[in-house]
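Which chain is which? They are A, B and C, in the order written, and residues in each are numbered from 1.
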């Protein structure tokens, strides 16, 4: 026995190999904690940079929309309003479109090949950079909708949201381009969730004679609800933070207006526009606005993750 | 014969509702693919007509030149450089982190915390990554005193890539059957040998697909670059240019789309053509690769 | 004098070993000496902890989160659960063959060479591969396609490849967890022949649900059983019910449960 063993030189692990094993593990450990460090770094840096503005304007910053570097007066109300209104409107338009598309893809309405093509087209849409969508919005979408917006104004000018004369780029266009960007997110997450709903639930409904859409509305969608909600929230987070396409089409005006037909602002478009040239309190105020954006999107994201957990607990 | 029968009734209200709703969902699906078709065809049409050799070799002319906008060479090279820097940072860190989560962590509290962090970081708006790197690197001049630089842009971009690399590595490794790990450890292989020689190769394709898609996505990002790498009209000529402003296709599109001059706008379309085509190409290629992988697994 | 001889004969001994997954105790108070150069089979009803005990012998349980062991497992006079012991080294001396064939996604040749290289083999690799495949009764079937993937083999061939892979690193002990459960009778017989062959150089411990197999291949048999917890909340804990030479266990068992189990009354 002992003689044979001599053919195997590493039967005993020598120092080098043992050390490599330990170093490898610890390196991986350190690398994995980078995520936490970066996340913490982002929160701390943005928070401390916004401190000057925070101590000067306090919560008033959230409710005034004066933005005047000459007078050193800053308030982000218009941008916060724009962020909230564009993301909410766009998500509400996207929900029926995205979920409807997901239902179409997951049910067997059409031959499989057609559904697969639609599915992959929607996913490819997600791959188009937002700056390109912005370019397209400026040169194709805006001229196309000009006449329509004028009509909208003449019919509905009594509604505050359409109360202003349309002048080129505006918040409504930003909402529409956001719909294009959110559609793939909502569709693909809804599709995955719908696919995960157990077959036996559907069969149970068919078994008692429910029609197809009755089954979809009363059994399948409720079962998939928390998963779809998570997708919607992730998309909402995306909408709030989306920068390029919105900046290019929203018109970038800090003058507050209820109307979607007048130029608007969002926190991220404000950052994109002003960050490069700002100094002094303005920089700190921009960081303050960035901090608000970050908190908003963190909250939405964490809630979305909570829902994802709940959905996967239910069906696994 | 009884009153009701089992024949399909076209006019029953239930069947009409069903047909109506089915048509609506079909309409929505058509509507969902319309933007892709429109955007891509405009890019092919408006950008494709601008393609020439000059486009790839020349510097862009500053706005105001009404006859020619020049080319996009510096932006093209810049995008390649910045994306490479981001990949060089994000891939090793992300794969290392993913390996820890999937192979070592045993699902403990730390791993759950990190996975949560990965998802949160993935949801951080991309412009925030730019703001962060601006505060950390650009305004502090911490890298050899340079302010706006391609390097800073690459670092900002790597923050956006990191979560996707960790996730694909983690999930790819988790798909590797445990039997394979046991086989290797059961004959006395060290953990690192097992990971490097057995599990990583087994998960290679799915990880590679995810990473490539992540790179493609990063190549089109703009927001983190507009105040880290900024923009440059001039050729990248040497290593030291890493420490100065650097152009990129996406920032070029942003800047030139907003110029009032037609020639500049056209250049933006041309840059979009190149950017979108390469991104779509990579996407389709990666998806086909992923499909082959899953089919192989089923056999 | 007699005691001394006994001491020399045993290769692994369990001393008051209890194993738990989390707070759930699976086997309790096991005392057992495995003899050198023998084939020992572990039998018993499903879920009584045979695999758990087997995995504890070369520290494969380390890979299962929250699995913990109390007591000592002595191998060649060393407690392998000592803090200073490197589990990787333990596995180089005590190899394992699993219930499901699990070849590497590499060529047949590489499947065997991989382990040998890890163990720092310095001899002639071709020779080692050939010898191992011959010992595992697989050589004739695959000598012409050593470059093919391990997955191109049938299930039974794959299992023999896994055995060859383990033999190749020449461990002192080979652990086998139901190595034949996925195989047809012919492959099973081949593997049993292989085991008889291997007995000359190795100690083998095998888990099996097949009484005939235990009777055919093993010199010693350990019968595990499970009883409900004393506090009676429905959970079961495994224990070593009877251990002795195979002929004794099968012909004149001391325990009634053993008798019932081997005659097929439960399990």
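A few notes on this one:
One rule holds for everything that comes next: contacts are C-beta pairs under 8 Å (C-beta built on N, C-alpha and C of every residue); 3 or more make two chains touch, one makes a residue touch a chain.
Because the structure is predicted, anything quoted here is derived from the model rather than measured.
Counting hops only between chains that touch, subunit A reaches subunit B in a minimum of 1.
Relative to subunit B, the chain whose mean Cα position lies farthest away is C. Of the two chain pairs shown, B-C and A-C, the one joined by more C-beta contacts is B-C. With centres computed from Cα atoms alone, the innermost chain of the structure is B.
Chain centres here are Cα means. That of subunit A falls 15 Å from that of subunit B. Here the CA centre of subunit B is 49 Å from the CA centre of subunit C.
Rounded to whole angstrom units, the spacing between the C-alpha centres of subunit A and subunit C is 53.
Shared interface positions of subunit A, defined as residues touching 2 or more other chains, are 13, 18, 21. Shared interface positions of subunit B, i.e. residues touching 2 or more other chains, are given as 190-191.
Contacts with at least two other chains are made by residues 88-89, 92-93, 118-119, 169 of subunit C.
Those residues of subunit A whose C-beta lies close enough to touch subunit B in the complex are 13, 17-18, 20-21, 24-25, 27-36, 38-39, 41-42, 45-46, 49, 96-98, 100-101, 103-105, 107, 109-110, 118, 120-122, 124-125, 127-136, 138-140, 180, 183, 187, 211-214, 234, 237-238, 240-244, 248, 268, 271-272, 275-276, 286-287, 290, 293-294, 297-298, 300-302, 304-305. Put simply, subunit C touches subunit A in their complex at residues 86, 88-89, 92-93, 116, 118-123, 169-170, 172, 201. By the touch rule above, subunit B contacts subunit C in their complex via residues 106-108, 177, 179-191, 193, 197-198, 201-202. By the touch criterion given at the top, residues 58, 60, 63, 65, 88-89, 91-93, 95-98, 100, 102-105, 114-115, 118-119, 162, 165-166, 169, 171 of subunit C touch subunit B in their complex.
For subunit B in complex with subunit A, the touching residues are 14-15, 17-18, 21-22, 24-26, 28-29, 31-33, 35-40, 42-43, 46, 92-94, 96-101, 103-105, 113-114, 116-121, 123-132, 134-136, 159, 162-163, 166, 190-192, 195, 216-217, 219-223, 226-227, 230, 250-251, 253-254, 257-258, 265, 268-269, 272, 275-276, 279-280, 283-284, 287.
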